[in-house]
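Here come two complexes built around chain A, the first alongside chain B, the second alongside chain C.
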Partner chain A sequence: MDISQIIQFTFSGLTLGSIYALMAVSLSIVYKVSRVISFAQGEFFVFGALTMITLTGIGVWAPLAFALSVLMAALLGSIIEQALIRPVLKTTLGTVITMTIAISLALRGLALLLWGRGSHTSATFSSGEPIRILDAALQIQVLWIVGVTGAALLLIWLFFEKTMLGIAIRASADNPVGASLVGISIRKVNLLAWSWGSGLGAVAGMVVAPLYFLQYGSGVLPMVNGFIAIAISGLKSIPAAVVAGFFLGFVEAYSIGFVSSQFSEVIVFTVLIVVLQIRSKAASGAGFDEKGM
Partner chain B sequence: MMKRRIISIAALLFLALYPVTFGGSSPYHSAIMIVLGIYVILAISLDLLVGFAGQISLGHAAFYAIGAYASGILTVTYNMSPVGAMLVGLSLSGVIAAFIGWSVLKLRGYYLAMATMGLAAITHTLIIGMQSLTGGASGLRDVPPFRIFGISMDSYVHYYYFVWAMVVLVIVCCLAIIRSPMGRTLMAIHSDEAAASTLGINCAFQKTSTFVASSMFASLAGSLYAHYMGFLAPDDFSIFTSVHILVMVFLGGVGTIYGAAFGAMFLKLLPELTHTFQDYELLGNGLILIVVLVFMPKGLWGVITAVGRKLKLTGDAISEGNSE
Partner chain C sequence: MKKAILFLFVTFFLILMVSPGVSQAAEKVVKIGGVYPLTGYLSWLGEYYKKAAVLQVDTINKAGGVNGYKLELVVYDDQSSPEEATRATLRLVSKDQVVAVTGTATAPITGAVSSVANKNKIPAVLSSGYDVKADKEPFLFNTAHPTFFAIGRPFMYLKKKNVKGAGLLMPIGSLGEIGITNSNRASQQFGIPIVGEERFDVKAPDVTAQLAKLRGANPGAIFSFTTGEPAALVAKNMAQLKFEVPLVVSHGNATPGFLKLASGLTTNVLVPTGKIMVPDSLSANDPCKALIVNFNKLHMERYGEPANYFSGLLADAVMLIAEGMRIAKSSTDPVKIRDGIEKIKNFPGLGGVYSMSASDHYGTKMEDMVLITIKGGKWVQVQ
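Up next is the complex of A and B:
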């Protein structure tokens, strides 16, 4: 195994890790506030990417298209929270999970009608030859992916640490009753969390759109991997979700590289099940499943 | 009680006469009913787990796959009899479910959903990966028709009767489980696991047994499917299949057995009636499910029983469970 191969796999680990980190963060922001893990999160990934491709296709300036797609996804997310999630929040966990599955089906069906069965890809954010390091090639887009991911995560950190609104969201995540007593509207906080989560999902889709061919069903894999990442992180904190996302990206990239692409999924899911086993022994009943069944 | 029996007899009579009446015009109609029966088994068995034991599983397709591929591989490659292969599949699913259930069912809520989803994904990938055994992505061909007591079920009508006999058997088994002391124990666990365990209920054992039963029914459905299709492709057993079955259960109504059966029929028949709108199917299914979840907490079956009650068919004649 020579060193340039290892470098090459590291690059793809960075790419995958960035996607999974963004998806994991978007899922955990929503979970922290509303105690819902949405199976529809991958659909924002698809909607973000395909909306941007369509907008740039009709000649909209790329950065503007990027911003519009994020806004659109955020808006879609908050509408969904208001209209569909809220009515079932007080029922069983099974119903909530099935509701997010229903939303995912509907959005995937909508994407099928809007963009057809074909695959779409977008232009890279900037042109330029791949950078060569030994025999490994680093595509410029990977730098964009890592850069945008870093910027998005920084933005989230600033929002949740430094702004009043962000602190209010954290307060109501920690203690909903206490937060509402000091005048924080749980309703608005939920809405805000969903729009952040959906917007981030869209960002994840847009940054990788130049590297992959995406179609209406492409949201499933990023969502599943985002799930695994937050399960590994134990939903403790957003930084933990980021770390778990990158960890998962590297596990997948190296197992594709060194074992086989066919069985990488088996390895990833085995990691998940083992981690869940350890967790269920370490803290049975705490945190994640307080809603129970 | 009387009316309940009349409805059951009417339903059985309809099923018995279907091939010679409605289905008589073409084998296609019997074929649809075979697929329908297979999905009814899948949905009912998942309802046993979700609706009664309260365990969300997205791994049902894994056991469906184990049954199907056990039947397929053993009859094609090893020339085993279909009945033998089916029994091997059932035992294999039972053992695997016991092994996995024991560890996974300690998890709750979202963790359980994720772990079982992982199970389905791993199974799907292994089927594609173990090419020499399963035929990989290109599929397993030439699974022979089902054969029992020397009778080969090579016509759709024969197989229709066999599959629906199995459906009735599974329904009877599930109802028996629910009405047994075990069923009551499960409902106790479902409503409050901590309280149930203070009453001396071994929750882990009860949940695992239900998981094993549910998985074996799914395996049976898989075997039936293998001999019906004669061809197995890995994508028939993906995570989406698990999701599809879960959707059927919630669409029909959780925790009633009949509701799950109705949900399966509804979701499978809908595209048959509207197949000119193929691209709209996904969106349509999503929207229907959303409407049901928001406005009909007891599912479509809940609405039907409510209407039935209004029409003086007396509620407990068709609604399940609390009638004795």
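Up next is the complex of A and C:
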């Protein structure tokens, strides 16, 4: 085993981890506010990326296409929240989660109708050769993913810590009845969470898309891995979900590199089971902590 | 008034006289079935199959049919599912009374069609990656080249290029197992050792860790028996790592879709396929050339796109059924037609020169496949 191989395993871990971390952040937003894991998040990932590819394909300036895709995903998220989530919000949590699964399937079907079965490629955000250390290479796009994840974290922190609206949202998540008693509209808060969560899902899709070939069903794997990341983090905080996302990526890459590519998935899921076991013993009760993050 | 009625009566009678169905003895028609994945995840393939079958049946009919019979194609959609394929084949056999069946893809769907066809003693000439065991399924034939050819043919090429070792990067799952088994067999046959073996999840966004490990073993080529996006991702990651050895992918990649995905990449991607993909590169004395050029021309005229590997497979299936009928001197007895197909020898088709036997229901040879790569956004043959 030479040093370039070990560096490449690290780069691979960083690539996988950055994708899982960003996905975990976008999943966390909706969870943080409404305590619901949206299984449709992977579809916003796909919608964002494919909308951007379509827009740049017809000649729209890339930054504008980026902004438009985020807006469209946020709008789609809001419509879905209004039309489909709100009517079932007063029922059980199970019903709401089942509804998000139904939305996920419906959106996948819609994406198939809109973009067909074929795969799409997307241009990297900045041109240039990958970063090379000895024989190892890291795509520059991975740095974009890490940067966007960092920026998203910072914005979320600023919002929930420093703005009145953010504090109101936290309040409504912690104590919906109390929050509504002091005049915070739970409806508006949920709407906001969905539109932002969907928008951030689209951002994740657009930043990750240049790494691989995207088609209508590509949202499932990032969604599952993002979900595993927030499960490992114990649903405690968004930064913890990011750390868990990177941890997951590195575990995967190092188990491919140092153990066996045949059993890497088994190793990843074994780690998940062990972490969940330890967590369930160590921590009592789930939920985001009292602080904003 | 009476005159008018008489006039109408005579006119009606005259029309009856000139209409072909009534005036002449009814034209003899025999039905062959098509079970194609027209919807579902294999729908891209089903479309090529149907177009090729329709075109080939028309071509045979224009040339006078077979043994005085015109062919009629009856097509059902298997919806890319074995259950639907079983229903479709049963319908073809019992309701439509076809004398032979053409179709479909993937091992489970092909298995379903084969099971009905063998039970009802109807020859099924399919075009699939399914591994045909002629002794167990005597009514099943396959125009697709056996999987071993698709892996053996690149090994044959690498031997010529004096490559000393091959690395395997196979998908997790049954396709990967098939790839590894056949690669080991080809490795033995051509004396090129397998120097490294890795697996990957076809949905993974990065396989650079596996490639870095493989590079450590210094292979002269990488084999990845996978189709579509994962194959393109391996090529993309190899370019990223400047891992400049040829990448051999499965014969399912000779499609416009894969061409689009892999066109911008610098990796030398080799795809084993049929000669139909490179009609212009074939030598003038190639026994298949005239057929390929002609079929390609007809396909272009009718559908506005060139024929491809998959349309060639299906056109050959129709042609083999017709040839089986000729040899059997029967267009209506399915058992005789099966025996006829099994007797086909040195018969040029689009996918190669077919020589069937009781033990070989493919009929093609490894040399009937060619290797193609992408240059300037187009497929070109690798010599």
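The rule is short, and it goes like this: the second predicted complex is superposed on the first by the 272 of 293 C-alpha atoms of A that agree within 3 Å, B and C clash if a C-alpha of one lies under 4 Å from a C-alpha of the other, contacts with A are read in each partner's own complex, and residues count from 1 in each chain.
Going forward, contacts are C-beta pairs under 8 Å (C-beta built on N, C-alpha and C of every residue); 3 or more make two chains touch, one makes a residue touch a chain.
Computed from a prediction, not measured in an experiment: that's the story for all the values here.
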- [ ] Would you sort A:Gln215 into first (chain B), second (chain C), both or neither based on which partner it touches?
- [x] second
- [ ] Please indicate which partner A:Leu181 is in contact with in the superposed arrangement: first for chain B, second for chain C, both, or neither.
- [x] neither
- [ ] Have a look at where A:Ala136 lands relative to chain B and chain C in the superposition and call it first, second, both or neither.
- [x] second
Open item on the list: Output check: A:Gly257 vs chain B and chain C. Expected answer is one of first, second, both, neither. What do you get?
Closed with: second
TODO: Could you tell me if A:Ile58 is touching chain B, chain C, both of them or neither one (first, second, both, neither)?
DONE: neither
- [ ] With the two complexes superposed on chain A, say which partner A:Met164 touches: chain B (first), chain C (second), both, or neither.
- [x] neither
TODO: Could you figure out whether chain B or chain C reaches more residues of chain A?
DONE: B
- [ ] In the overlay, answer first, second, both or neither for which of chain B and chain C A:Phe227 touches.
- [x] first
Open item on the list: Which partner chains sit in contact with A:Glu265 here, chain B, chain C, both or neither? Use first/second/both/neither.
Closed with: both
Open item on the list: Counting contacts the way the document defines them, which residues of chain A are shared by the two interfaces, the one with chain B and the one with chain C?
Closed with: 220, 262, 265
Task: List of chain A residues in touch with chain B within their complex - done: 37, 84, 87-88, 91, 93-95, 97-99, 101-110, 112-113, 220, 224, 227-228, 231, 260, 262-263, 265-266, 269-270, 272-273, 276-277, 279-280, 284-285, 288-289, 291-293
Task: Interface residues, chain B side, partner chain A - complex - done: 50, 54-56, 103-104, 106-111, 113-115, 117-119, 121-122, 125-126, 128-129, 190, 193, 239, 243, 246-247, 250, 254, 279-287, 289-290, 293-294, 297
Task: chain C to chain A touching residues, read off their complex - done: 41, 43-44, 172, 198-201, 203-213, 215-216, 228-229, 232-233, 236, 240-242, 257, 260-261, 264
Open item on the list: Give the list of chain A residues in touch with chain C in this complex.
Closed with: 1-2, 4-5, 8-9, 11-13, 15-16, 19, 117-119, 121, 130, 132, 135-137, 139, 208, 211-213, 215, 218, 220-222, 253, 256-257, 261-262, 265
